[in-house]
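Quick one: the structure is below, questions incoming.
Labels A, B, C, D, E and F are assigned to the chains in the order they are written; within every chain, residues are numbered from 1.
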Amino acid sequence: MTGRSGAEVMAALGDIAPDFARYIFEFGYGDIYSRPGLDLRTRLLATVAGLVCLGHAEKELEVHVGSALNVGASREEVVEAIMQMALYAGFPAALNGLFVAKRVFAARDAEAGLQEGLQAR
Amino acid sequence: MTGRSGAEVMAALGDIAPDFARYIFEFGYGDIYSRPGLDLRTRLLATVAGLVCLGHAEKELEVHVGSALNVGASREEVVEAIMQMALYAGFPAALNGLFVAKRVFAARDAEAGLQEGLQAR
Amino acid sequence: MTGRSGAEVMAALGDIAPDFARYIFEFGYGDIYSRPGLDLRTRLLATVAGLVCLGHAEKELEVHVGSALNVGASREEVVEAIMQMALYAGFPAALNGLFVAKRVFAARDAEAGLQEGLQAR
Amino acid sequence: MTGRSGAEVMAALGDIAPDFARYIFEFGYGDIYSRPGLDLRTRLLATVAGLVCLGHAEKELEVHVGSALNVGASREEVVEAIMQMALYAGFPAALNGLFVAKRVFAARDAEAGLQEGLQAR
Amino acid sequence: MTGRSGAEVMAALGDIAPDFARYIFEFGYGDIYSRPGLDLRTRLLATVAGLVCLGHAEKELEVHVGSALNVGASREEVVEAIMQMALYAGFPAALNGLFVAKRVFAARDAEAGLQEGLQAR
Amino acid sequence: MTGRSGAEVMAALGDIAPDFARYIFEFGYGDIYSRPGLDLRTRLLATVAGLVCLGHAEKELEVHVGSALNVGASREEVVEAIMQMALYAGFPAALNGLFVAKRVFAARDAEAGLQEGLQAR
C-alpha cells in the first residue's frame, strides 16, 4: 500500500530500533488498516487530513498521499481533503500539505514519463 | 448539515464577533464544503480525523461527528476514522475522540427514545 | 497587570511547586515583560494571539485577555487579535478564544454592575 | 500499574470500540512497557513529561502521574519532571500539568486518610 | 503587504489548487486584514507571535516577519514579539522563530547592500 | 552538558537577541537543571520524551539526545524513551525522533572513529 517509500523508512530504522518497524506493520497495517468497518480509500483520505492537522508529519504525509493514490483516491480528492483542513488547522498547515501533494504528484509524473520513454525505445 | 449545535455556537458569537459567524458560513460551508471534488460523507470523515489530530477541538469534533452521521456516515465508520488516528496522533487524542463520539451517539439515542415515547402515546 | 486571577493561580501552586510561581514572576514578568523594545499593549495582544494558537492554554488566555484590557487594549482589539488567528490556527482555536474573551467581558460587566449598584445605595 | 482509573477508562470504551481497549493493552502495556531497555520509573517519568508537552492529554496525564507513583517515583520527582517542561512547552502546559499532579496527590491523601480512619475504628 | 515571497507561494499553488490561492487572498487579506478594529502593525506582530506558537509554520513566519517590517514594525519589535513566546510556547519554538527572523533580516541587508552597490556604480 | 552544539546555537543568537541566550542559560540551566529533586539522567530522558511529543523541536531534540548521552544515559535508553512516545504522540513524532537519534549516534561514531584514527598514527 505504501510502496517503496514506506519500505525505505522502515529499513532505515533497522539498526537502531528494529522492533519499532515491526510494531508499525503489526499494529498499524495489521490491526488498524485491515479492519472491515471503513473502506481503504476513505481511511487513507482521513489519514491525509489527520496528518495535515498534526503539522509536524511531513514525511508521513508524503508516504500517505502516495498510499491514498495507490488505493484508488484521485488527485483531486487528495487535494480537496488537504485544502479543507485550512478551516480546522489554519492556512499554514493546509499550504504545507498542498506542497507535499504537489511533490508526490510531480514524482509520479516523472516516473510515468520515464517508463513511457523506456517503452518507446 | 451541522443541525442545532452549529446554530447555537454561531448565535453565541453574535454579540462579540458577528462577522466571524458569517465568515464560517461563507468560507467554510459556502466555499469549501460546496466544492465538487470530494463527496460530503468522505469530507466529514476526513474532518473528524483532522479534528482528532488537532487535540484541542472537542466542541467542533462533537458538532462534526453529528454532521458526519447527518450526511450518511455510519457510527462504525465514525469510530473507525477516530480510532485510526491513534497511529498518527497517539492514544490520548484518539481516546478523547472516541469519548466525544460516545456522547454524540448517546444523545441521539436519548432523543430517538424520547420521540418514540411521544409517538407511542 | 494580571490582577486577581493571576495571583490565585500562583497561590494554588504554593504547596507543590513554590519555586515555580517565583520563576513565572521573575522570568516572565521580571525579565520579559519589563523589556523596553515593545509597548505593553502590543505585548499583551501578541500574547493573546499566541495563546489562541497554542490551543491548550484556555486558563492563561483568560488571564491574559484581562491583562490586555488592563494595559489599555480595547475589547474590539482583543476580539480582532483572536479572530485573525482563524487564518493561521483554524476556526476551532479562534472560536474557543472568542468564547474565552466573551466570558472575561461578561465577568467585567457583572463586576461593574455590582459596583454601580453598591454606589447607588 | 495504572490502577483503577485506567480500568475505568477501558471499560467505558467497551460498547463503542472494544478492540481499541485491547490494542492499548496489547501494544501499550504488552509491547512497549514490557521492553527491557529502560526501567519502569524512568519510563513513567518520561511519559509524564511527554503528556505535559502534548497539551491536550489531561486525563492520560492524571492516569500516568498515578502510575509513576505506583512504580516508585516520588511526588517530588513527578513535580520536577512536569516543571522542567516549562522550558520546552511553555508555562501554560507546565502549569496545567502541575495542577493535574496536585489533584492526584490530593486524591491519594484523601484515600489514605479514609483508610486510616477506617483502621482507627 | 507580503511582497514577493507571498506572491511566489501563491503562484506555486496554481496548478494543483488555484482556488486555494484565491481563498487566502479573499478571506485572509480581503476579509480579515482589511477590518478596521486593529492597526496593521499590531495585527502583524500578533500574527508573528501566533505563528511562533504554532511551531510548524516556518515558511509563513518568514513571510509575515517581512510583512511586519513592511507595515512599520521595527526589527526590535519583531524580535521582542518572538522572544516573549518562550514563556508560552517554550524555548524551542521561540528559538526557531528567532532564527527565521535572523534570516529575513540578513536577506533584507543583502538586498539593501546590492541596491546600494548598484547605485554607487 | 550540551557540548558544542548548544554553544553554537547560542552564539548564533548573539547579534539579534543576546539576552535570550542569557535567559536560556540562567533560567534553563541555572534554575531548572540545577534543582536537586530529580537526577540529571532522568531529567534528560524526560526532556527527550517531551521534545518528541512537541513535534516541532528537531534541533533541540538533537542537542538533548547528545546531552542525555553526556550525562550517562545509554543509547538504548534514549531509543526506548523516544519509541515509547509513539503511544502518546503517534508514530510520526516517534519516527522523526528515532531518525534524529540515529543522526546523533552516527555523528558520535564518526567522531570516535576519527579520533581513533588520529591516535593510531
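To be clear about the criterion, a residue touches a chain if its C-beta (ideal position, glycine included) is under 8 Å from a C-beta of that chain, and two chains touch if they have at least 3 such contacts.
Just so you know, these numbers come straight off a predicted model, no measurement behind them.
Listed by label, the chains touching chain A and chain E alike are B, C, D, F. Common neighbours of chain C and chain F (chains touching each): A, B, D, E.
Taken over every residue number at the interface, the positions common to chain C and chain D amount to under half, indicating a different-residue contact. Each chain gets a centre from the mean of its Cα atoms; the one farthest from the centre of chain A is C. A comparison of the D-E and A-F interfaces places the larger number of contacting C-beta pairs at A-F. Of all chains, D has its CA centroid at the greatest distance from the CA centroid of chain E. With centres set at the average Cα position, the gap from chain B to chain D is 29 Å. Taking the mean of the C-alpha atoms as each chain's centre, chain D and chain F sit 25 Å apart. Chain A and chain C have Cα centroids lying 40 Å from one another. Residue positions of chain E touching 2 or more other chains: 19, 23, 27-28, 35, 51, 54-57, 60, 79, 83, 85-93. The touch graph of the protein chains shown is complete. Those residues of chain D that touch chain B in the shared complex are 9, 12-13, 15-17, 19-20, 23-24, 28, 51, 54-57, 59-60.
Interface of chain B with chain A (complex): residues 27-28, 32-33, 35, 37-38, 41-43, 45-54, 57, 60, 74, 76-77, 79-81, 83-89.
Across the interface of their complex, chain A is touched by residues 55-56, 75, 79, 83, 86, 90-96, 98-99, 101-102, 105 of chain F.
Remark: chain B residues 19, 23, 27, 31, 35 touch chain E in the complex.
Contacts from chain E toward chain D in the complex involve residues 85-93.
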